[in-house]
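One structure is given below, encoded as structure tokens.
Chain lettering (A, B, C, D, E and F) follows the sequence in which the chains are written, and residue indices restart at 1 in each chain.
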Amino acid sequence: MKYLNELAEGDKVSAVYLCKKAATLTTKNGKEYMSLTLMDKTANTDAKIWDPDSEGIGDFDELDYISIIGDVTVFNGAIQINIRRLRRAEDGEYNPSDYLPMSPYDADGMYTQLKNVIETVKNPYLNQLLKSFFTDDREFIESFRKSSAAKTVHHGFVGGLIQHTLAVTRLCKYYTKAYTVLDHDLLISAALLHDIGKVRELTRFPENDYSDEGQLLGHIYMGAEMVAENAKKIEGFPTKLLTELQHCILAHHGELEFGSPKTPELIEAYALHMADNTDAKMETFLEAVSGKEPDKWLGINRPLGANIRRTSVWTEETTNE
Amino acid sequence: MKYLNELAEGDKVSAVYLCKKAATLTTKNGKEYMSLTLMDKTANTDAKIWDPDSEGIGDFDELDYISIIGDVTVFNGAIQINIRRLRRAEDGEYNPSDYLPMSPYDADGMYTQLKNVIETVKNPYLNQLLKSFFTDDREFIESFRKSSAAKTVHHGFVGGLIQHTLAVTRLCKYYTKAYTVLDHDLLISAALLHDIGKVRELTRFPENDYSDEGQLLGHIYMGAEMVAENAKKIEGFPTKLLTELQHCILAHHGELEFGSPKTPELIEAYALHMADNTDAKMETFLEAVSGKEPDKWLGINRPLGANIRRTSVWTEETTNE
Amino acid sequence: MKYLNELAEGDKVSAVYLCKKAATLTTKNGKEYMSLTLMDKTANTDAKIWDPDSEGIGDFDELDYISIIGDVTVFNGAIQINIRRLRRAEDGEYNPSDYLPMSPYDADGMYTQLKNVIETVKNPYLNQLLKSFFTDDREFIESFRKSSAAKTVHHGFVGGLIQHTLAVTRLCKYYTKAYTVLDHDLLISAALLHDIGKVRELTRFPENDYSDEGQLLGHIYMGAEMVAENAKKIEGFPTKLLTELQHCILAHHGELEFGSPKTPELIEAYALHMADNTDAKMETFLEAVSGKEPDKWLGINRPLGANIRRTSVWTEETTNE
Amino acid sequence: MKYLNELAEGDKVSAVYLCKKAATLTTKNGKEYMSLTLMDKTANTDAKIWDPDSEGIGDFDELDYISIIGDVTVFNGAIQINIRRLRRAEDGEYNPSDYLPMSPYDADGMYTQLKNVIETVKNPYLNQLLKSFFTDDREFIESFRKSSAAKTVHHGFVGGLIQHTLAVTRLCKYYTKAYTVLDHDLLISAALLHDIGKVRELTRFPENDYSDEGQLLGHIYMGAEMVAENAKKIEGFPTKLLTELQHCILAHHGELEFGSPKTPELIEAYALHMADNTDAKMETFLEAVSGKEPDKWLGINRPLGANIRRTSVWTEETTNE
Amino acid sequence: MKYLNELAEGDKVSAVYLCKKAATLTTKNGKEYMSLTLMDKTANTDAKIWDPDSEGIGDFDELDYISIIGDVTVFNGAIQINIRRLRRAEDGEYNPSDYLPMSPYDADGMYTQLKNVIETVKNPYLNQLLKSFFTDDREFIESFRKSSAAKTVHHGFVGGLIQHTLAVTRLCKYYTKAYTVLDHDLLISAALLHDIGKVRELTRFPENDYSDEGQLLGHIYMGAEMVAENAKKIEGFPTKLLTELQHCILAHHGELEFGSPKTPELIEAYALHMADNTDAKMETFLEAVSGKEPDKWLGINRPLGANIRRTSVWTEETTNE
Amino acid sequence: MKYLNELAEGDKVSAVYLCKKAATLTTKNGKEYMSLTLMDKTANTDAKIWDPDSEGIGDFDELDYISIIGDVTVFNGAIQINIRRLRRAEDGEYNPSDYLPMSPYDADGMYTQLKNVIETVKNPYLNQLLKSFFTDDREFIESFRKSSAAKTVHHGFVGGLIQHTLAVTRLCKYYTKAYTVLDHDLLISAALLHDIGKVRELTRFPENDYSDEGQLLGHIYMGAEMVAENAKKIEGFPTKLLTELQHCILAHHGELEFGSPKTPELIEAYALHMADNTDAKMETFLEAVSGKEPDKWLGINRPLGANIRRTSVWTEETTNE
């Protein structure tokens, strides 16, 4: 397929794209036309249907994959497609991974890893709590697997949330070996649950934007509330254990000014904060330099707070020269 | 009665005090003695029972009101009472308001005011939610009426929470008249509920300190969670209304660095923040200057961030001179 | 009339606008033309007179209301009017409120309210001081009534200063009832006088920009100096009372970093700061959400420091559904 | 004379000291006695007159130099003098410079320098304005010469204000040569006048504390107001020149958070700020290290924000070794 | 010559410019063309050679001065030159000072001044160290004389580094007279050496951008390291003297947040910081207002943190009017 | 042995302590005596020798282990030992680990681990550089093994530097597996070298305080300089590789305000910063809670910025109850 970022003025285009938005408008002289936003993993592009009643234009809805034929023009300095024919695409005509940014890791593989980690949590209450989310709640699992970890910045792709959660959990697993004072079950449970509120904070792709409750309450609050709800359904769940777990979630941004209503007061809460921060920053760096030339400065990266570049590539050969 | 802050070296004392703490210790030469902290509304004072097995020393527990006879000495520059006789005091021998700092306003009167305000909230869901706390839940009402609004700083007395809640609510009532865009029912409900988490964050007097869950979760989180719990029991409670109400509670400290996980995004949330801040600062100022001479500088007041003094007293007479 | 923000390319326009700026320029080939900025309450728009010596172009000055006939074109992506005919408009041909943003409240009504409040200040020195500005000084009154309270942000319209001053004063009046420790006469006087320096800091509409002395000295300094000047003409004005009043004015921004050279050291200064801040923020919020759809996020509002939206509208009907 | 910081328990003392404070008190058994604070340039020391009616105790007032005979004891770990005989000291019996911290520079010499600098200001309005303070106003000159430049931190001694003012003015003089864009007369006038508000902000020695109006208004505001008052008495003083001069004074702390209501907007204002800051910091450093061993760390110096030490002493000999 | 900022659409141009960049590209239809960036002291401008194989286009390299003949067009709103003929310019055909921003002071004169200052440093080790850079190291001297003091902000021109270094050194010289506690030789040496790292941090004109090591290590670190390297070659250089000198260089930005790894702990380090800051800010102000009208506000100047304007011009005449 | 923190008034003491400081002083009546500071791993305690010429007092120096006999008294509220007999202790009479805080890990074991890690660095230049410090430089190795990682806060014990270095290196090793984009050899080398400047910044135990050059230059600068010195002796060491390695060291504190003159611009620099911060914070937490009761709040911990407590202890038994 031809990706949207490859189109040039004058091209004829015949391909399947995801229709992110569609609206019917009226020109000054009272004629109806349609304005669409087409999307693939490389870009969002405006498209117009100047003659929506034409026979060649079939029925479709927002978020459908559509097969179009049209002409590429330039309007106000941006590419625009004038669509002449359009129909809903059928399964098999397109590969979803061409249309949405996706985790480079296999979705089923990540989910299996996550379930394996849960088995290492021996505290029966925490184990049951984890399963109430990750094994028993179909709808939650579906959302958790498809969610991104952020609107932008890092892990902003389908599967980003589970990828980030696993990376944080593995870091915490390493910490439990390096710093044996850490309570394994508390820390691993907190790592697995720390960002579950993002399932409600962000909408699914292709939108991937803040939901109304996400904007008003935030994933930190919602995650702690979700944990409380499920824990209260588990008979005998120790109150103090729940409080400590909720604290880890509330404090995982590390400082008040980053939206945590509490700073870490337990060593597991601090460890979770370090793991979360480490994975977020490593991934931010990685996404920023990936595909860039070594040795070339990329300018100030806002979340990292510095002008950055890829490191020089040193192999035995280059350094022996 | 003679207050603890009036005792001087050499005094004989015979009075009833509240026994805040009591511990049995051993001297170097192996003899047992008891070390007590006595309390009234003016001070905390150390007391010793050097001969706990003496006949004059009756049974008692921490937090009992005890009638004592003893001698006042000075140890390491501080007043200390050596107790010779001790017995539990009986009801009627003492007036609790002499022993704990208390709101200057009548407890029943404040509670009646609060119930009257609830009647002005016409939205049936919010009205029912408010009653689920302030009318229907005996235990909650009891705690809410006795709680302070803070460990120190302002409203740090029995009844401080209800006094502060009413003052904030009255300010918000005024705002709804001055700024008619405000939603009366949402704002008044948020005002009444904004600090209910303090019932769990702080322990009751005479301790009045952070509880374990208070330290780990904070009253902002707990208040929003309590509201969610009760609202979910009310059939048909609109989700968006609940979210907006919770947002007002989460955002009432106004800025992330003051422990709110969200800054105010709705005008009612901002109004609540201003009302809360106004009453907190006015009360802090008032407590700091009350009983002080006008025109005399009192030094830097930490929460207010300034060297403060009472304003000069201007009456028609003084300014006509 | 057709408002400037309604004009589209190709329109013929025949209407009265306010001429904010006018300049005579020369083209590359040496021909003179005029470049104007036209203004109404909806927009500022460029206009050109390519043939200023034409008969149809009458005499006029900057800040005149002018009646024009011309053609609407687009230049560099912005609307431009090519004026063919122009003459000064006469009174009655236009309504000033179409051209300048104005307070929604009646100007005379606000002034009457202000004078009524002054009558409640019984301290003879303060009463006389207030009258020296608001009753006796014709020029000051004229300016004060027409001034905005800010260049942008909030109350940026004709009458904004008196509207804000009254709102702050009413809030302070409420405070004096809620917190009886406050000195009524000092606080109400400070509220009425707190922003009088803005009369000198900002120029009148349609310019409404910082004056040279406004930029160099600021309204906080100038207001305190103006108060000192008038007070020194009142025999026997108590020095300490003047100092306390000036302090309230100097400290009303609450913190050094917001331009107050002193933080509030008297409770009346703190109260004034809270009232000023409350009205400023409520008005900022109100101006930002007014006319917007409920439930729709409006993006980050800089002065409020948050992504904001209008609150959902809850009526008995909607919540009963 | 024996300085107060040299007294030891058991000493007999017979010397002249400055009586900073004196109060008549009553013991528990109802007997009157006097409590004094004696002062010299090395320390403040408590003294008691247990028998004020004794014949040996003459009349005296606070701030008198008094000749005493007494015994040195220790009370609560601090030196105390029990006075047996006391009389007012006569001129010649003492040297004021033993009792108050004083500038190392000659008072008359500094005043002469200051008057010479004024002669270099050729702008007739500025020249006249400077003279209205420094030549014509006896009371002001007296205060200005005796004032310190600060309660603590730097130049906290008699003559500190004029010494600092001269040093800042000389730095500005140097700047006018190095950066010829600077307006000599504006900058030199601003330098001479920048701290005149301190005459009202601080009381004279031996008190040297914030006055009531100093605490409420601050020397920055008061200095600008004083300049306005005198300038308005000079016929024809250009308004803009006055505004620019006042701006330099208001902005001389450089940043809002240091109490300037405006940051420097004119190059002369910036230059004055740099000169003021340079002299303040150099003097702070100098006072902190003077008399200390080279190479020895002195701990964190709060105003300088660093652990400091005197620099090693390098002479041709030491470095040639 | 016609400067680049004077070119208008339709002009024919025949002039010498500096070729800052040159690249050979390919059009969509596979034809090669060249894209150049031409530069003079007024602007950077794009130029194209559509027919690079034409006889009229001679050989040249980036950073050559080239004599061109071409046509001025506008592309995407910006001036572009289509070059028809091109050849390398010869010495004498152009004046380098037309092409690069240059210090207004004579290069040789500044270098002589610098060498004269070195003679006033009597400490033999410091004197020898200074000469190891400024007298003995040809390559260093060449770079130091041609370097700017910054990429932008202030002294961003050829000779800027030596001009700034001299101004700072003269200020320090003044300080040694005003504050005799300062060690002359240490301070003057530190002043001369404080920015030598900029020779490596920035590349030479016309690029004048951060070098790779400049971006990674910074001139503060590199300057201190360069001093250490040269000092270690001087027999007997006292270790403590070297440490103190390096400290002055490391601390000369005054605060950690401005990139100094240490805040000033010695008075000479503080003095150097003040001198550096004073000259940087005075030059920033001067460059911002130079050539601007007095009395006209120039908007917020980022490095100065304020809206600025040129001061009014006061001459005896204007103020006497 | 009886530890210093176990001594009580009236005890006779006969034990070996480390003599940290010793000085000969003179009483008021001119008699010489000695004042000592004795030290073991539990406390520092004052001791006096009132009769230094007595036969029982043998020769000794500061930092000797001394065997004393004396009496424990209390002076100014602190324990003091009056020494009657004193002699140098002999090897075998004491165990150094009783006198200095020491790493819980075996010194030789840690050094072996470190050498093993070096073997995994395959880049020949980096490998040789690491060996130039850790294998070839006897004096450096000795210091590195005995040094603490900090004066206070964390790892403030003998062996703390190597323990911290190993923990950081192991974390980095884990990162290289989790984030394969990281250059193993650069990151591991940077981790091993990041704190080598501490060998010069801090003096050895028992002093463990900032050295003069440590205070003036800091370990960040010194570490980078040390790396440069050794790298320059290795033929062909690639310049860019050295610069990148130095950058990692300079940036390892992560932000300017924590003393790094550069923020991390390479992903390896960011990774090193996260590893350093993680180990520092985990160790700080661990040292703060170790030996404390679970569930008991310990108050605000300054470096961690929070009130902290040990986590509850959850075992299968406790949570099954």
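Following the convention adopted for this analysis, a contact is a pair of C-beta atoms (placed from the backbone, for glycine too) under 8 Å apart; a residue touches a chain by one contact, two chains touch by 3 or more.
Treat the numbers as computed from the prediction; the structure is a model and nothing was measured.
S.K.: Name, by label, each chain that touches both members of the pair chain A and chain E.
M.R.: Joint contacts, listed by label: C, F.
S.K.: Pick out the pair in B-C, A-C or A-E whose interface repeats that of D-E, meaning over half of the contact pairs match by residue number.
M.R.: B-C
S.K.: Please work out the Cα centroid separation of chain B and chain D, and write it as a whole number of Å.
M.R.: Chain B and chain D have C-alpha centres separated by 45 Å.
S.K.: Using mean CA coordinates as chain centres, what's the gap between chain C and chain F in Å?
M.R.: The separation of the two C-alpha centroids amounts to 63 Å.
S.K.: Touching two or more other chains, which residues of chain D qualify?
M.R.: Correct list: 212, 215, 240, 244, 265-266, 295, 307, 309.
S.K.: Which pairs of chains touch one another in this structure?
M.R.: A-B, A-C, A-E, A-F, B-C, B-D, B-F, C-D, C-E, D-E, D-F, E-F
S.K.: Could you list, by residue number, the parts of chain D that touch chain F in their complex?
M.R.: 8, 295, 297, 307, 309
S.K.: So in the complex, which bits of chain A are touching chain B?
M.R.: Touch list, chain A to chain B: 212-213, 215-218, 220-221, 224-225, 228, 239-240, 243-244, 246-247, 250, 256-262, 265-266.
S.K.: Per the contact definition, I'd like the list of chain B residues that touch chain F in the complex.
M.R.: For this pair, the touching residues of chain B are 28, 210, 212, 215.
S.K.: Mind listing the chain F positions that touch chain A in their complex?
M.R.: Against chain A, chain F makes touches at 122-125, 167, 170-171, 174-175, 178-179, 181, 183, 185-186, 238, 240-241, 244, 255, 262-268, 270-271, 274, 277-278, 281-282, 285-286, 289-290, 295, 304-314, 316, 318-320.
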